[in-house]
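As written, the chains take the letters A, B, C and D, and residue 1 is the first residue of each chain.
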Amino acid sequence: MIHLDYVTILYVGAIGLLAIGAAGLVICNNFFRILLALVVLEAGANLLLVLMGYRGDAKAPILGFGPDGAQMVDPIPQTLVLTAIVIGVAVQALAVSILVRVFRSYGTLDIRELKARFEHDIAVEMGIEPPRGGEAPAGGRIQSSGPPNFRPPESHS
Amino acid sequence: MNGVVLPVVLPLLAAFLMQPLAHKSGVTARLLGPLVLAIGLAMLVQTWHLAQTDPFTVTFGGFAPPLGIVFYVDRLALIFAIAAQLFTLLLWGWSMDAQFDGEKKAREDALMLLLAASATGLALSGDLFNVYVFYELMAVSSFGLVVLKDTGPAQIATLRYLLISAFGSVIALLGIAFLYAQTGTLNLAQLGELAPKALHGPAGLAAFAFMLIGFGVKAELFPVNTWVPEVYAVAPARIAGLLAGLISKLAALVVLRLLVVVYQDTPAPQLLLVLGTLTVLVGDFSAWRSKDFPRMISYSSIAQLGLVFIGFSIPGPLGVLAGLSVALHHLLIKSGMFMLATRWSGSLDRLAGCAKSAPVATGLYLLFALSLVGVPPMPGFWAKLLIMTGLAQEGSVVYLVALGVVLLGSIVKVHYLFRFALKLYGRADLPPVRHSLMELGPAALIGIAIIAATIFTVPIGERLRAVAEQAADRDAYISTVFPDHKTAAVSEDRR
Amino acid sequence: MLEWIASLIVITVLTSAVAVLTVQNMVGAVAAASVVSLGVSVVFVLMHAPDVAMTEAAVGAGLSGVVMALGLRKLGLWRLEDDKGSAHALEPTPRPETDADA
Amino acid sequence: MRRFAALLFAGGLGFVLLVIVTQLNLGQTPMIVGQEMLNVAGAQVGAANIVTSVLLAYRGFDTLGELSVLFAAATVIGLVLGHRRSNAAVDPDGGFVLQAGADLLFPLLLVVGCNIILYGHLTPGGGFQGGVILAAAFFVGVLGRPSTGLDHSVIEVIEGFAGSAFIAVGLWALFAEGEFLMPMLDPGTVGDLISAGTLPLLSLALGLKVGSELAGLMTSLANTEAGDP
């Protein structure tokens, strides 16, 4: 570990990405930025996985490519990462589309404000006293009466 | 025997074809889902006899286990696979609305089918990454089902749920990566074989902790369960029932498999015990404080999941039996409770006096509550008794603390469940709420099942004991997947 | 030699990752996220994983960036100049003429 | 305070990961199953690209699950955003440069995508990567002329049947040979275009499915309700 070879450097990079992504998930208030932090986190995890299948003196796992009989790198982590990348982007696209709807209904992306509005709306719907404190918005259920300047969400049918 | 893949594959096929079919013929599309699930159910029930004595494996693509993916079919897996198909069918959205939207319905049906397929696959799979893929499929389709109601709060709850889930998936993937880096395999049986040498060190246990947090998101485990009350309060009640009843149990099943096959005789169960105990505490006290029916039962579901994990952390067949019986009991009760919540979605105060207007629903609630609390002849009592004897037998301090917490949780549970029951019998000052037949039907079926389980406690207990003994047998798992143990020799040479 | 390339990429990637969290402008943050993916895909090439590198470049840097940019456009945050509190902007913004491909 | 807690959390995670990684054998991790696959994949599956053989043969079932995840996400996005109303305003068509560029790029991307899919078992690439490029080709077309749009029912049909084709190949093997997704037909010689049995078929189904899924996903994100903020 003292000798700083490039694999070690790359491992540090992967762990750095994971740490930065995790910090972003906790620190950020803007939902969109949290999604971007998730992208960074996933990139770090994928990098770490591929690094685990790497060996120094090996070639890409394709037959008839590079010197014959040479050791090849482990194909399984690569397959796993392929799968993980596609799953990750599917989830991100899903999150973006829900985010668009939330922004249209509430006009904000701030996670704390959304949480407060959520508690308030739920309390109204359930018929219990809305939680005090925070900025409980006037206007009641957003679905029926949106904030000024904002159209209520379309019903799609 | 290889037909066991069909209950996983056919719903996927039906889901892919659902939308084109809905354009051609709406009626066929609406009938397709239940039909496919019924076929899958029938096939799985038939398989039960095959797995009666010995578990067996199903390989894919003709590749022997460590190379290819493998399904491990024992009775534990079959119970949950059958439950997956049965409960999706039971809680199917039989839309009777006048303004019926065929396209939306087709999408919803497709998502339900994907959920059933992924749950079945998760129960049967014997390959860690395959488990991860099915877990993700389960997560994504559940997002869609939660946001089905199309209200602002539902969207916010889904978004928060999605973020926690995505974080959990990354953590679980890291755990899987660490396991792979230490053993070079993803097959659970081979992991079990290599575990005593490779995985029982600190790095191996860290991998377990990562996977526990990752899979714990769906299993409502303590630090990552903040989504539970939000989502269950806004999701359609039958979806909440499905998530709380079925999906959480499947995630717990993954943890159980890891614990039994890979992490036997390690400190891993203690970690599970601590988290499970905290989960019970958090769940029961939050339920006690909550003021509306859906959130009360969702917090109570967290507490029950904590009990399941406490059960699983007791080593040996007794622990598996205890956790399994709590899990199955809760699967029934909570699905029924959430079916009641379709109409009882308001605050506890608003439901006062429902005993007069809705006697059947109130009766069912009382039945469920009695069993949940653990009044002696009911099945809930036996499940809780098993956990307590198991904890008492272990005897070390951590287990005794957990025992105390379980007792404390029970007392709190009695208080909040019957406080609500008293309210139901109180004075009515609001117009009565009535359930429709479609909502009460499944709940009534579950009620009948509970009564039947009370009457036939002894034979059911015997069966479950056999299931638990089969499931807790690590060597049987390994020798079923690798009959000739050749791979063990190969891996010995390589090291 | 390889050490230097690796350190260069790692520094670039980590800097852009920090930029994702700190840049005020959302468009800039999306672009930084794409740079992270691109850097990671270069590392995949070094790791003899051409398939993964291709996928990460196409999906992570391309598709994911486009999806995020489209989302930004729909959120009305698609503007290139800095302005604070853009997350709270309620008024509809003038629609951009060019389409959103990052 | 919150920032401090977050930094502590992230730093802790990073530290834990570092400690775990140092416990592993850097660059020398055991490679049991992977080595076995490298040894036998050429003869068993007949594809030169071993990652493709793992993806479609050894772990073909994972790939099916992953397709389903993508399908589920596309379904939910359709559910959340809904379809474009027929009377909704649309973006004006792009300028001359954009349209000409789109017309030029469309066939190019189409050819590249198909090439990547069809040579997936020989060279790097395969169903996923080609599918993404196919989706990009159609999306570029929509960017140039938003008014034409993509017909969602056509996309639905393609994605439905591509997904079913993947499963159908698997079921064919199940009924003919007794195992789901078993490679059928002759593996042929490694390196030929017509080799690796049913693998190219699976790759094609995968590419079409991924392509139609992503194209539908991007267009519904791009133009559901034109005229909104």
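Just so it is clear, contacts are C-beta pairs under 8 Å (C-beta built on N, C-alpha and C of every residue); 3 or more make two chains touch, one makes a residue touch a chain.
Since the model is a prediction, treat every value here as computed from it, not as a measurement.
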{"item": "C-D or A-C - the one linked by more C-beta pairs in contact", "value": "A-C"}
{"item": "Whole-Å separation of chain centres (CA-atom averages), chain A against chain C", "value": "13"}
{"item": "Whole-Å gap between the CA centroids of chain C and chain D", "value": "20"}
{"item": "Cα-centroid distance, chain B relative to chain C, in whole angstrom", "value": "38"}
{"item": "Chain B and chain D, separation of their C-alpha mean positions in angstrom", "value": "30"}
{"item": "In chain C, residues with contacts to at least two other chains", "value": "49-52, 55, 59, 63, 67, 70-71, 74-75, 92"}
{"item": "For chain A, residues that touch 2 or more chains besides their own", "value": "12, 16, 18, 20, 22-23, 27, 48, 52-54, 60-62, 72, 74, 76, 78, 82-83, 86-87, 90-91, 93-94, 96-101, 157"}
{"item": "Sites on chain D at which at least two other chains make contact", "value": "17, 24, 29, 31, 33-35, 37, 49, 51, 59, 62, 66, 69, 72-73, 76, 80, 83, 124, 128, 217, 221, 228-229"}
{"item": "Full enumeration of touching chain pairs", "value": "A-B, A-C, A-D, B-D, C-D"}
{"item": "Interfacial residue positions of chain D with respect to chain B in the complex", "value": "16-17, 20, 23-24, 29-37, 40, 44, 57-62, 64-66, 68-69, 71-73, 75-76, 78-80, 83, 153, 156-157, 159-161, 163-164, 167, 170-171, 173-174, 177-183"}
{"item": "Contacting residues of chain D [partner chain C, same complex]", "value": "49, 51-52, 91, 94, 98, 124-126, 128-129, 132-133, 135-136, 139, 143, 146, 214, 217-218, 221-222, 228-229"}
{"item": "Of all residues in chain C, those that touch chain A in their complex", "value": "2-3, 5-7, 9-10, 13-14, 17-18, 20-21, 26, 29-30, 32-33, 36-37, 40, 43-44, 46-52, 55-56, 59-60, 63-64, 67-68, 70-72, 74-75, 77, 87-88, 90-92"}
{"item": "Chain A - residues contacting chain D, complex", "value": "1, 7-8, 11-12, 15-16, 18-20, 22-23, 26-27, 48, 52-56, 60-65, 72, 74-76, 78-79, 82-83, 86-87, 90-91, 93-94, 96-98, 100-101, 104, 151, 154, 156-157"}
{"item": "Chain A-facing residues of chain B, complex", "value": "99, 101, 103-104, 129, 133, 136, 140, 143, 147, 150-153, 155-160, 162-163, 166-167, 169-170, 173-174, 176-177, 180-181, 184, 186, 230, 233-234, 291-292, 294, 345-347, 349-350"}
